[in-house]
Each structure stands twice: as structure tokens, then as C-alpha cells.
Amino acid sequence: MPRASHPHAMQPRNPGSTRTAPPQMSPKFPMQGRYRAYTLFDWTGLIYLLLGFLALRVVWALGTGQEAWNVVMDQFQSPVYIGFHVLSLISVIFVGVRFFSFFPKAQPPRIGPVKPPPQPVILAGLYAAWIGVTLVMTLILTGVLF
Amino acid sequence: MKHLLLKLEPIIWLLFGQGILLGTLLLTGWVLVVGVLAPLGITPLLSFSDAHELAATLIGRVVLAALIALPLWKGAHHLRHVFIDLGGADRDATVAPLLYLIALAGSVAGVLAVIRL
Amino acid sequence: MSEPQKKKIVITRFDPDQDEVPKTQEYEIPVQPDWKVLDALNFIKDEVDGSLSHRWSCRMAVCGSCGMMVDGEPKLTCKEALSDYGDTVEIAPLANFPIVRDLVVDLDGFMDKFKSVKPWIIRAKERAVEEGPMRQSPEELEEFKQFSMCINCMLCYSACPVVANEPEFIGPAAIALGHRYNTDSRDEGAAERNEIFRGEGTVFSCSFANECSEVCPKHVDPAAAVNQAKFNAVIDWAQGLILPRGGK
Amino acid sequence: MIEVLRHDIVIVGGGGAGLRAAIAAVEADPAVSVGLVSKVYPMRSHTVSAEGGAAAVAREDDNFEMHGYDTVKGSDFLGDQDVIQYFVQEAPKELARLEHWGCPWSRNEDGTVATRAFGGMSTKRTWYAADKVGFHMLHALFQHSMQFDQIVRYDEQFVTKLLVDDGVVRGVASLDIREGVVRVILGRAVILATGGAGKIFPFTTNGTIKTGDGMSLAYRAGVPLKDMEFVQYHPTGLPGTGILITEATRGEGGHLKNSKGERFLVDYDYGVGNKAELGPRDMISRAIVQEVEAGRGIQGTYGEYVHLDLTHLGADKINQRLPMVRELAKIYIGVDPVTDPIPVRPVVHYMMGGVDTNIEAETALPGLYAAGECASASLNGANRLGSNSLTECLVFGASAGRNAVAFAKGSSEGNQAALTGQGEEEAARVDALRGRQKGGEKLSHIRQALNATMETGCGVYREQASMDDTVRTVAALKGRYADIGLQDSSKVFNTELIAAMELGAMLDVAEAVAVSAAGRNESRGAHTRKDSTARDDVNYLHHTLCHFDPAGPRLGKKDVTLGKWEPVERKY
């Protein structure tokens, strides 16, 4: 049995006089078919939130001193953290792939007087930037660059 | 509150959008090295002093602030949607401000964190 | 005619005169290989059970009245080949709408939302008929043409998770329609509609599920429209900040 | 007590004609209140399915004289020439209005509106929006109409009767399909815009709502139906479903081919001369039937057909100008026109006949106006030219709206008690019909029998004996109809009840078609007899009127307005 929609979903401002049966959601919501990707995409919000706070911790530690830094880095070696970070990595890539596939069409054909490049070019640009930034970031963090 | 939220919607959406876009660009390499490769000992990680030196540059501070704040907005906004999808639209007026306040607090802390580097 | 095959059609029934809640009813009928799903419903109505209620008219996928859930997916029943489905086919009223009777849903809520975006050409000064048609280049036409293809079948509303859960949300087709006028070179009402778009339950409520575009039978790509409209509403808002009022 | 609602104007029908009338009424007098009643939400009206285009003079090399003469000749000289002249002059204005209201007409490079060739039109004067013209026109009209609060819509309400008092129409009785109650909607003038009646035939391009309700409403209120024998067959419908493959396919250069792959319109003499595929519909339909009879058709599940070949146009042109045709052919017959020819056969498309109206869209019943396909203003005569009727909906819809406003200003309210009484009687009749279990006759079986006899008696080619036979069969079916049994007794959204009332209208209209056809002993336009092959201007250069009579239809005549162009043999 499908889940009920909000009881007022698609209800008219002046409902008709006959009794209606309440709206039902698609039986596939939330985890079947295409909905699965959507639901997971939204849930990555939790991971981004945690990642933001973890980044805060790292930077805070960096500002506090070597001691604090070491504590954080030690913690990061525990299996729990590594597991979470692996999951995060998958999530981030998933978000990127899904969002970048939608992004080009969300760009209006004209922004004020400016015409953005055609969709395939935007898409290529996004991927180039993604790979580029990731590469630079990796090289810096591993100490290869600078 | 609802009214204020409505007024702020464009900014929140911008931050959220950048959370996905820039957030994803920055986080991929960050999580890869800091969270996975370095802890597993597969690659080295910058030493504390190198890291501090780099982070304290202007570009370093800006990038790190973005790295902290933007994902928070993406997270808050998406969790708000999760909550609505779970049937919580009627309580959105309470939940949404709460989530955005968390993101805001984190962002402020993030800015502080890069300032005190 | 070739040898008729049999299929079981499971239909959601609801008659407010008699039923507390919707129930399902099964019909075992002979089907032809070239039938659409709608043909099965019409066969049942004509030959088996005259009390079955469903909407349809054009049977050529353009009037938008025959949308239903077929095996859990919102579909135009006159466009779906019955042979693409298994031996048992489940047909239910469109998801996310109040159910009036059997497969008939209440679409007045949709009409309210539809009207709220001012879906007509707005001009500072109406052009006189004597002046003849306006000019519009094929490129200008191309910018909004896709968004003018909507047949109001409401499949996108059935698919959208935000429509399901947030009653205020005016939904994909209505926003696409407003965006269609905003991008029409003949229209001068974008400022007004952007104002509407920044109100409650419009563009920012969309969580870019993209389900609307997945199910749209006319390739309107309402998700693109809604998200372009977000973009424009934000730009318009930013312009308003920089040049107060002048931004209009 | 029955609920009574009041408006200045009541419009029955929310298709192209009804919506245009509503907007025109408000334009004529912003203080007017319009009730727009439609059995489907306006954007579902069958105008939505029109594909090819709408005609109006637009190009430098065109003029009113040419459009007028093409229409007169197309009508086989049965069109009223004053009406036609008025029509061609108003046409460009109406289409320009629609452009101002947002209709996305296809464009030339310089930004002007593009036009295409259409059968029987001597130059490119058919405006188009790809091949979804009716769809775009209807949605533009509907959306434009939404800004007027004076237009009060009654969606999914089914008009069952015209209320007449003291010889003037003063409103309608209307069944609310959702609630199952009949209400009285009073208006000082009523406009019928209920569309055609193609559903009386088995193979038709028409949707299921085109059951001739408005024709029957007027007919039973004493207004004659005019020229009902002229039923247009469209040469290119899909076998089986009858789904239309627009004439624009031929306008854009498509070819009709027989089983031997010959372009038979060129290779054999069918009277269309060098126009070939651009000849008028009646002639091409007959040519296809003759090809099939000559053994050069292609056998399929639903009888024999011929091929419409677009492959030489190339994918680009097809995608740009005929995207819907490609989609329809792929979905509904499994053929991609880019690579393969489309199977087609003649199918019933349009009723030239309808409620008898004059140049002002008035009927003989004071206060009653009619426009669009349900009316016969005698623009189309014995054969309509493709793309004239969408424009007709606008031109005569607008004039019906304006004239109804003028009439309403000078008209009284009528006897309220008498009108309410009529409404109550009507409500009782509808209640008695709903779910009546008495009879043993099945709705769908009567409809199928009706379809079958209309095809044999009033098809592309007709003969006295088979027409007479159809007249008798339809009368017998009316008898059986009185004995139908229904299964659905629910008040809420009872579509079986609606179907039963629609079938009643179909039987009225079918009878008028058959009787009118049997009374015209000549071949003219779409009315082609095997036993009387020539046109007879001495005895039959007049309109047929068919009057309702409880004892059976009565035929009458009405003069054709000539004056500008003299009848000559119709050759292309």
C-alpha cells in the first residue's frame, strides 16, 4: 500500500462538495526505482553537514597548535573515521555526478544580456573543474605541490 | 519567522547551490587525502607547520572558510527537504530555521577558525 | 484479428456514495496486441462494468486527460502499449491528488496553482490589432518553445515528492508555464512573475528531484524550467538589491 | 429546489470557438458576466488535437479575393459568399490577436509569421505552430482567458437542455458531472460552441467528446440543422484508431503511394490535376477509395490502406515541421516516417453541417448563437478547406460573443418560474435515466451499430438504397435507445450517464445526416453518390435544412448567397 501524501496535497482552494479519498503517494516512494537516487541524494545532506563540522575541527585544531592537530589526526586513523570518510567520498562523488548531470539544463539560456555556453560545454567545464580542483587539492595536501 | 525565511530564500539557495557545486569540488580531494589516504598511510600528509603556513595565506583562509561553510548549507537545506519528504512540511516553520541556524553557527565558527590561524 | 490473449487488470475503485476507502477490483479480459492501456479500460467500461469511471478524450496523447498510475508509474494511458506490461496490470488514480471517483482525481487544486503564475502575456501597453503580429525570431521562439508544450496532464505532479508533501508547492507544470511566459520575447511581465516566484511554495520549494522531467510525456523538462526560474528569480532579486526599483 | 445561477451570457463549450466568444464578450463590455460551461476542462477540448494550421491572408502575393475564391470553390459553390468575404477579411486580424496573446506561431528568419501550403489553397496562407496548431491556439486562448474574472467557468458540467421561454432562449439546464445534480444557469443570451460529431462514425479523427451535443440541443429547441449530409473525410488517418496525420505532411511535400509504389494522384486522373497531393480533401479521399477498389491498396488488420511517404523530406525537416506526426506514427502504428511510409486511409474528420446560423452567428431562435464546428454559417458549404475551421472558430466565435452581448443588453429575463420549472423537469428526467435498470439494451452495442450503419450508408461514396437503409436503421436504433439499461447508479462522476446522454445526441445528429444525405440527389463536395455522379445546380444549389419533429425529421431548403463568384465546374 502506498504511503499517504500530505492530506492537503493538491487540494483546491474551494474543495468540491463530494467526499474525496485522500491523496496517496507513488507506491515507489521513497526507495524504489528512480526515487532511491533522489532520496539518497537528499540524505547526503547529513554527510555534508558532518563533513563541514569535521573540516571546522581540523581548521580549528590547525589554529590551536601542534597538540590539537595531532589529536585530530590520531582520531582520523580510527576505523570509524576511516569508514565514515570512505562513505563520504562515495557520497561526494555521487552528489557531483548527479548534480552535474542536471546542472547544465538549470542554467537559463540567457542570464541578463549574457548567453552562457551550450550545455555540453558547461558539462565538460564542470568535469574539468572537478578533476582539476581535486588534483590540485590532492597534490597540495600530500605535500607534492609547494 | 516564516516571512523572514521567505525573504532569505534566495541567499540560502545560493549558499546551498554553492555548497553542492564548490563544496563538491573542494571536498573530493580533501576527504580523499585527509580522511582516507593519509590515515591509511597510503600517502603522506602535510606536516603541521607546512599546513599552517599554507592555510594562513589569504587564499588558504578563503578556501578553508568555503570548505567549512558551504557544505553546511548544502547539508542544512537537504536535511530540510528530507524532513519535508518524511511528512514534516507542517513543522517546516520550526525545523528549517533550526537547521539554517546550525549552518549559520558553523559558518561563523568557520570564519573565526580561519581568522585565528 | 489475431488470437486474443488474456490479461488481468487490477483497478482501484472508489465511489464516495458507497465506499469508505478505495478498494481494488480485478477484471480478466481478452486483449488485442495493438491495444493501449486505455483500450483495456474502455473495453471494461463498454462490455464488462459500465460503472467504471475514468477520463479520456483525444486518445492521441494531446488532451492530457487520461493520466493514471500504471503499475505504479504516472502514465498517459492512451500512449502506453498494453503489451509492454505483464499479465497483471495495476491501474490507479494519479498519485498526490484527492480521488473523486475510481480513476478520476480532483484537478481544481491544479487549476488554482496554474492560474497563480499569471499564465498570459503581460504588456505595459496592449498592441493594437491593426499593427499586425509582433516579430519574433526563430531563436527567440526556441528559447521558450519547449516549455509551451505542456498538455497539463499532471503526471509530473504525481511524481514530484515535494508536491506530495508540501501542499503549498505550486508544482512543476505551473512554474514551467510561468517560466514559459517569462522567456517569451513578447512578454513584459517577468518582474511580476519573479515576485510571485519568490513567494511561498514556488521555485525554492523544488528540491530538484527531476522526477517531473522523467515522467513528462511531452518532454517539457519542467525540472529545467523550475530551476532556470530559480536562477532568474535570484538574479532579479539581486538586481533589485543593487538598483532598488530600477531593477524592474 | 433546483439551484439557479445567473449570468449575462452563457456559453456552452470551452474549445476554440467558446473561449474566443467568452473573451470577445468581455472585450465588448467589461461589465458583462459570462458563464462558460464545458463538459471537459477547456484545455481538453478537441480543438487541442488540430495539427496543421489556421488560414489567413498574410503574404504579399496573397489577397482576400484569392482566399475567398479558394474557399468558395472548395465549398463546391455551396458556401454563402457574403459569409466567406466577411470571414477572409476578419481572419488575419483574429490570428494576429492570437499572436498578441502568446500563441507560439512558427517564424520565418526575419521574425514574421511563417505560412505553409494546404490542400485547396492557392498559395501559402496557413499559419502554423509546428504541427500542434490547435493545441497551441487552445492553450493560448485558455490561458489568456484566465485573466478575466468576469468569465466564470463551469468545468465538467454537461448541458442537457436549452431553456426557452416566450420564444427566446434564456439559459440552460446543466448537470454537474462531479456532484450529479442538475442546475439552471440563466443567461440573456446563449452561445453554443460544442464542436463536431465525428463520433457517430467508426473511424474518425475526433476524440470521444465529439458527440454533437450542441447540434442536438439546438435541434430539439426547434432550430434546424443545415447541410448535415456534408461530412468531411480526411484522406490520411491511421487505420484502426483514426488518428489524424495532418495535411501539412502533404503541404510540406509528402507523397501518397499505392501498393505498387506509384504516386497515384499523378499517374491516374482523379480530377486534382497538377495539384496532386495538394488537392482538396474530398477528392483525395475518393481517389484513395478508388485505388483500393482498383486492387492497388495494401492489406492490413483494419482493411486496406495506402502509403503516405515522407521519407524523401529527410529527418531534419520532419523533426522541425512535423514532430508530432513522427511521434504519432511511431507510437500508434509503429512506423518511423523518416525511414518508412505511413499507412493511411480516409477517416471522418469534420462536419460541414451544423446548427443553422447566419453571418452574425445568430440562429433562428432569438438569443441563441452558435459558432465553431457545431454551427454551419455556410462558410464551408459542401466541403471545408483544411485550416479554415480553426480560423472560423475565432472569427465566428468572436462575432457570436459580441452579438450576444448586444442582444443581452436589450433582452428581458423571462418568466423565472417557468424556467425553473423546466429545469426541475430536466433534473427529474436525468435522475430517472441515471442507473436505470429497466431496459435490456447495452449502450455500447447501440453505439457500435450506429457507427456501422453510418459507415455503410454515409461513407465516402453513397447510394440511395444504402442511405435509405441507414435512415431506417438509425430510426430503429432510436427505438432501442429508449430501452437502454445502465449499471451505474452513483451520483458522483457518473460517466455512464454522460455517455448515455451523448448517445442520445449522436442518434439525433446521425439521423439528420442520413436523412439530409438521402434527400440530395446529386454529387457535390463531400457528398458523392455513385448513382448520381454529377453536380446539379438547377435542382440542388441550395442548403438543406433538417427540422426536428417528434414524428421524424423534416427537410427544408435555404438559398445559397451567391453574387460575387458564379458556380463553375470544380477542377484543380
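The first chain written gets the first letter, and so on, giving A, B, C and D; residue counts start at 1 in each chain.
The rule is simple: contacts are C-beta pairs under 8 Å (C-beta built on N, C-alpha and C of every residue); 3 or more make two chains touch, one makes a residue touch a chain.
Keep in mind that this is a model prediction, so the values were computed, not measured.
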More Cb-Cb contact pairs, comparing A-C against B-C, go to A-C
Identifier of the chain whose CA centre is least distant from the whole-structure CA centre: C
Using the average of all C-alpha atoms in each chain as its centre, how far is it in Å between chain C and chain D? 27
What is the distance, in whole Å, between the centres of chain B and chain C, each centre taken as the mean of its C-alpha atoms? 36
Separation of chain A from chain B, taking each centre as the mean of its C-alpha atoms, in whole Å: 11
Residues touching two or more other chains, restricted to chain C: which are they? 16, 100, 108, 111, 161, 165-167, 207, 230
Among the residues of chain D, which ones contact at least 2 other chains? 178, 492
Enumerate the residues of chain A that touch no fewer than two other chains. 6, 16, 18, 30, 42
State the interface residues of chain A toward chain D in the complex, per the touch definition above. 16-18
If you look only at chain A, which of its residues touch chain C in the complex? 2, 5-6, 8-16, 18-30, 32-35, 38, 42, 102, 105-112
Flag every residue of chain A that touches chain B in the complex, lowest number first. 6, 30, 39, 41-56, 58-60, 62-63, 66, 69-70, 73, 76-77, 81-82, 84-86, 88-89, 92-93, 95-96, 99, 103, 129-130, 133-138, 140-143, 146
Interface with chain A, chain C side, in the complex: residues 14, 16, 21-22, 69, 72-74, 92, 95-100, 105-106, 108-112, 143, 157-159, 161, 163-167, 183, 207-211, 214, 221, 223-224, 227-228, 230-232, 235, 239
Residue ranges of chain C touching chain D (in the complex, touch as defined): 1, 15-18, 34, 45-47, 49-51, 53-65, 79, 100-102, 104, 107-108, 111, 115, 118-121, 126-127, 129, 132-138, 140-141, 144-145, 148-149, 151-152, 177, 181, 184, 186-187
